[in-house]
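Below is one structure. I have some questions about it.
Going by the order they are written in, the chains are A, B, C, D and E; count residues from 1 in each one.
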Amino acid sequence: MISLTPAEIDALLLSLRISGVAVACALPIAVLTATALALGRFPGRFILDAIVHLPLILPPVVMGYLLLIGFGTRAPLGAWLYETFDIRFVFSWTGAALASAIVSFPFQVRAIRLSLENINHGLYQAAESLGAGPIDRFFSLTLPLAWPGIIAGAITAFAASLGEFGAIITFVSNVPGETRTLPLAIYTAIQTPGGELAAARLAALSIGLAFAGLMLSELAMRRIRKRAAS
Amino acid sequence: MISLTPAEIDALLLSLRISGVAVACALPIAVLTATALALGRFPGRFILDAIVHLPLILPPVVMGYLLLIGFGTRAPLGAWLYETFDIRFVFSWTGAALASAIVSFPFQVRAIRLSLENINHGLYQAAESLGAGPIDRFFSLTLPLAWPGIIAGAITAFAASLGEFGAIITFVSNVPGETRTLPLAIYTAIQTPGGELAAARLAALSIGLAFAGLMLSELAMRRIRKRAAS
Amino acid sequence: PASAWSKDITVFAAASLTNAIQTAANRYKEETGAHIRLSLASSSTLARQIAAGAPADIYISANQKWMDWLSDQDLIMANSRHDILANNLVLIAPTNSTVAPLTDITKDTSLLGLIDADDRIALGDPDHVPAGIYAKQALTTLGQWENLAPRLARADNVRAALSLVERGEAPLGIVYRTDAMISDGVKIIGTFPENTYTPITYPIAMMKPQADNGALKFLVWLLGDDAAAIFADYGFNAVANKATIIPDTAAQ
Amino acid sequence: MSITINVSHNIGKFSLDADFSIAGPGITALFGPSGSGKTTIINIIAGLTRPQRGHVQLNEHVLFDHARSINVPVRKRRVGYVFQDARLFPHLSVRDNLYYGAKRNPVKLSAPDQQEIIDMLGIRELLDRLPSNLSGGEKQRIALGRALLANPDVLLLDEPLSALDQARKEEILPYFENLRDQRKLPILYVSHAIDEVARLADQMVVIENGQTLASGSVFDMLGRTDLAPLAGQFDTGTVLPARIASRDPKAQVSFLETAGQRIVVPYLGQPVNTQVRIHIRARDVLISRTPPEGLSANNIIPVTIIRMTESTENTVDVSLAFGHDTDALHAGTAPDRPILHARITSWSSGRLNLGLHQKVFAVIKSVTVNGNLRDH
Amino acid sequence: MSITINVSHNIGKFSLDADFSIAGPGITALFGPSGSGKTTIINIIAGLTRPQRGHVQLNEHVLFDHARSINVPVRKRRVGYVFQDARLFPHLSVRDNLYYGAKRNPVKLSAPDQQEIIDMLGIRELLDRLPSNLSGGEKQRIALGRALLANPDVLLLDEPLSALDQARKEEILPYFENLRDQRKLPILYVSHAIDEVARLADQMVVIENGQTLASGSVFDMLGRTDLAPLAGQFDTGTVLPARIASRDPKAQVSFLETAGQRIVVPYLGQPVNTQVRIHIRARDVLISRTPPEGLSANNIIPVTIIRMTESTENTVDVSLAFGHDTDALHAGTAPDRPILHARITSWSSGRLNLGLHQKVFAVIKSVTVNGNLRDH
């Protein structure tokens, strides 16, 4: 294999870090949101559903712009975060993770929700009759039974994060070593006449990374399904 | 409501057409692919799985570039299609639909696959013992039982198509009335200093469209789930 | 679809020309009735599309490199390439900025000194966005590149850089003068000396194979004074020595 | 136990109007044809179905009262519910399924008690399996074990033994009796097997088409020939309380006493004076004009024919009151006199020339003795 | 029907070695404790489980042969399989579930036949429901209807009546007999209810722990007291072929003849000389030293005690050969002589002083007659 340039390694590691953090942080929220959507009956349910889908519908560039408006250091929320916790999203990799998380959020929610809706209601009744309260049931039944969906959602989200471009470049710019992920690096290469080869190398790297991730997840999934086959 | 300009109406209708065609054409293929991945046991299964995920992982710009290379009129395949069938993808709305379909394909496959994997295998056995062959089972059991996933997949894909930007602008350019969908129109507006208002109007249009679609799908889903509640 | 395209004159123009080229096209339609089809995207995207067979009649690039790239592939009508516009590079700040306007930007002007420790200067990505490439030249000439490189916010395009400054995320930005002039959210606090970077010129050319004479007529019109006036409205400079050689085909 | 249930509930076209009240401890059988509403009633008691009107009370606890807006949450009702479909948790091993409820109940069974349940159900070897790898009957046993191990305050059993073989049932039924007698656990039991019901139940509720058809002591209910069509044609009979009068370990018999009559049964382990229950089926009773000699039947009881009903299929249902003192019977001074039921063919009745008020002998082929009776 | 099955198959720690062959038409009962491998065998015959070794043959069709790599696909086997769990299609109405197989079979039942099935199962009112809105027994009936309406070539029934009440069973059982007799449909029947088995089955296969313990005619099997622990303690007995000798419609009796012995039973509709089957349970047989007089039992048969076995629980199993001609019995010249079984208490045996070779009388309390017998 051709050895990687430091810039390529930078982009690779950065992509992994950003996607990993994005998925890890978004997952619990996605699980909760999906649970609310799948099992809950509350007034704002439809609005919540719509909001979750927003990042899908709006072009990533618009999402990036909206993030800038919401989380920029001059925006009230962003300013507050910056002053109080010294958290700054703009121009930093955490911002890229935030953008990735938001853009890939709908995939996670969809997949998890689909799994949740497939759980046989009778099992909840059984658990309830055995003394399990709502939170107990959530951890002892809902979560483990929704594993296939949670994993599927996490994979899709991870893959989508790896490929996320528009929202990142708009929100946090294209700073080498800080926010220049693989897609941004590929984009940069493609924008340059004669940059095709560099772009192809980076694309191959992306693909390899994704294959490895898929392979891992496939194995995990298979083990889970073997357990739960019914 | 503020009345829409002709250009906005153009972009809206175009977006609807492109997303609709993209989802409608990709759906059958997605169902087949998901079936193969969920139920089949064949050697190339993992490779197929990986290929399906590619459009997610690669930045849309790269996808668009690859499409350009593959389907451009100077490319062998594109030239052949053009000369033989007078089909031209590049720079036409059909190309935009192709790009949307490919980019949103993974979402459809994931959702459908998740539903398929939840179907109780015992039902297939029952159907088989009652004389149903594989194709018969596919239409009488698999498809109807996977409806929730198929609808979820179609919605997600439709939403993602509505928001697709990078692949479309790279593959088919940004031609008003032909390939300038809502996201491209938003992009064009944003390129103009002071175009924020126009961009916001267009974004609001996108959101309204998506809400309407979500609402419809939610209703459809609810009816299906009521039937299949078990 | 192919037939629908052939009726019109198709112009692929760099996204930074969006407003100006649209106004020009409208005016031309009023005058001649000819319909202009515009496609606006980044110069690189457009160039690659043309190379892939896009049915463009005219291409206006924001820099020379991509025009050269097409020219190398023999996709440009001989003699049809001209510089149509020129632009300048300026230093901007948000309208409410307290940074005092600079009369001159020289080697002694410390741009770094104008921003806080963790602030960045927004510009187009010097790796590929033309405005960024020019900015890099200017900063290098001024001996400030080394210091500033790690402190840049590299935007996807000039407009994105502009909006970073408009929103105050970046206290300073380097953009084209045209962009700075049209935006209400920023003010120009300095202009980079013209000798610090290659003159910014937008080349225009006819693409091969040429569909009909209409496109050529439009190209000639764009090079004319009427068009120049429109471009001037949007802050573009006229090119000093605009070539006047009209390709042979135009005469026919 | 006392259960009072008075509820109305409509699902689709089906409307349930359950109204019965059971006093006294023990096992209550819910009996009725398929689709009559048994599972719905159990669900209402468990709290899984919230009835549209009425109230439900278990002992002193009001579980549900529509008027007073009381609805105790399911998990606070501490019911051990064995569902008609097993409802095992597919992702948990058999062991984790079994202990799911036990873990959540602060009042746990002792370890030996837990092991006893596992052994009784014969599921020790299945502990590490997943539910998907079990046979139908195995699933049912795990479901039963899961409910028992949770140490509930009331057991709701919806056909808990339907998929099990007779041998296994013989091991489980005494356990239910034991729970009732030792742990005083109230049990509601849905079953289609009148054998099981007769053996286990103290009280019986008969449901048909969502309506309570009859409810009361199993002693009365099993003698009611009008319920026979529901129970299956050969299975009415008499259930009588009896007392162990004496025992002969060498001859391997026990002598019981009921209503002044001696009954011989195979040897019972319990001490003298223990109260037991005997079940004499109509099909196990023969009628003889004279006291027969040299017959293997151990119990021959002088009785008087007090009712003869032609039933379908050329058979006659004969009701036989204990004793030959017809005067007392006629005077109505012996209202509590036990009554046996016999079902014989019309031909046989004609051949023996049987008639009302005749003094005959009931020949009892076999008597089933069902464990201890508690005080009542 | 002839079924030959000789297969080995391992799932997890369970290993099945089924090896039996059933000749002659009719109903075959698969009998065995929970987890013994009954469902696995049915699955192998249906083709849903592919055994690791061996072969399966149904009539002249080889369904599976490991050595010859034959494996007829499930849907070509045309089995009507009633699964232990109903497996209704959740997205289809009851009607669509019922007709799922019928639609796919070119050889359809006539419309009246279809309607008869629906009425017999009492599911007409459920046709527009979805399976999720059915009670447990209703689901089971739909599953049964679905298999029957498909007009299969063989019926595989895995506890098809376990969730149904006695009355409903009484309506369905004659239908199975009818299928066997009129349509000559081979039926494999898993059940834990020995009553059902004795009534329906012609052949019986007993499985335990994956091994074929015994197989053969139900006439022989039900008399085998060694299998009693499996069947439940009170349910062994004798099944005998008999002929209707004469009928008395006025007295509402029929007289049967079996092995030269007259048996009185309630009136039967069938004409004289029809072959029927009678089932005499051990628990329904009394032994008398002298021919009793004035007893309501209609059948008193002279028999000779040929075996006495102490069984558990203070009871004695007594085998009784028809007739008092002990010499013929001893000389072995009467090998086909029918044998009755009686189960009496040890105390009673001692009281009557019963012993081997004694000539006594069997008092038969009741005889169950089971429909037509086909030629065999």
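We take it that a residue touches a chain if its C-beta (ideal position, glycine included) is under 8 Å from a C-beta of that chain, and two chains touch if they have at least 3 such contacts.
Computed from a predicted structure; not experimentally measured.
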{"item": "Common touching chains of chain D and chain B", "value": "A, E"}
{"item": "Count of contact steps on the shortest path from chain B to chain E", "value": "1"}
{"item": "Most distant chain from chain B, judged by the mean position of its C-alpha atoms", "value": "D"}
{"item": "More contacts between chains, A-C or B-C", "value": "B-C"}
{"item": "Where chain C and chain E are represented by their mean Cα positions, the distance between them in whole Å", "value": "93"}
{"item": "Approximate Å spacing (C-alpha centroids) for the pair chain A, chain B", "value": "20"}
{"item": "Between chain A and chain E, centroid-to-centroid distance (C-alpha), Å", "value": "61"}
{"item": "For chain E, residues contacting two or more additional chains", "value": "85"}
{"item": "Multi-chain contact sites of chain C, meaning residues that touch two or more partners", "value": "48, 163"}
{"item": "Residue list for chain B, restricted to those that touch at least two other chains", "value": "65, 120, 190, 229-230"}
{"item": "Chain-to-chain touches, reported pairwise for every pair that qualifies", "value": "A-B, A-C, A-D, B-C, B-E, D-E"}
{"item": "Of chain A, residues touching chain B in the complex", "value": "46, 49-50, 53-54, 56-62, 65, 106-107, 110-111, 113-115, 117-118, 120-121, 148-149, 152, 156, 159-160, 162-166, 182-184, 186-187, 190, 199, 203, 206-207, 209-211, 214-215, 218, 225, 229-230"}
{"item": "Residue ranges of chain E touching chain D (in the complex, touch as defined)", "value": "11-13, 32-35, 39, 84-85, 125, 129, 133-138, 140-141, 158-159, 162-170, 192, 194, 229-235, 251-253, 264, 266-267, 283-284, 286-290, 292-298, 313-315, 342, 344-352, 354, 363, 365-366"}
{"item": "Interface residues, chain C side, partner chain B - complex", "value": "1-2, 4-5, 10, 12, 15-16, 18-19, 37-41, 45-46, 48-49, 51-55, 157, 159, 162-163, 179, 182-184"}
{"item": "Contacting residues of chain A [partner chain C, same complex]", "value": "65, 68-69, 72-74, 88, 90-91, 169-170, 173-175, 188, 190-195"}
{"item": "Complex contacts: residues of chain C adjacent to chain A", "value": "42, 44, 47-48, 65-66, 68-69, 118, 120, 122, 125, 127-129, 152-156, 160, 163-164, 167-169"}
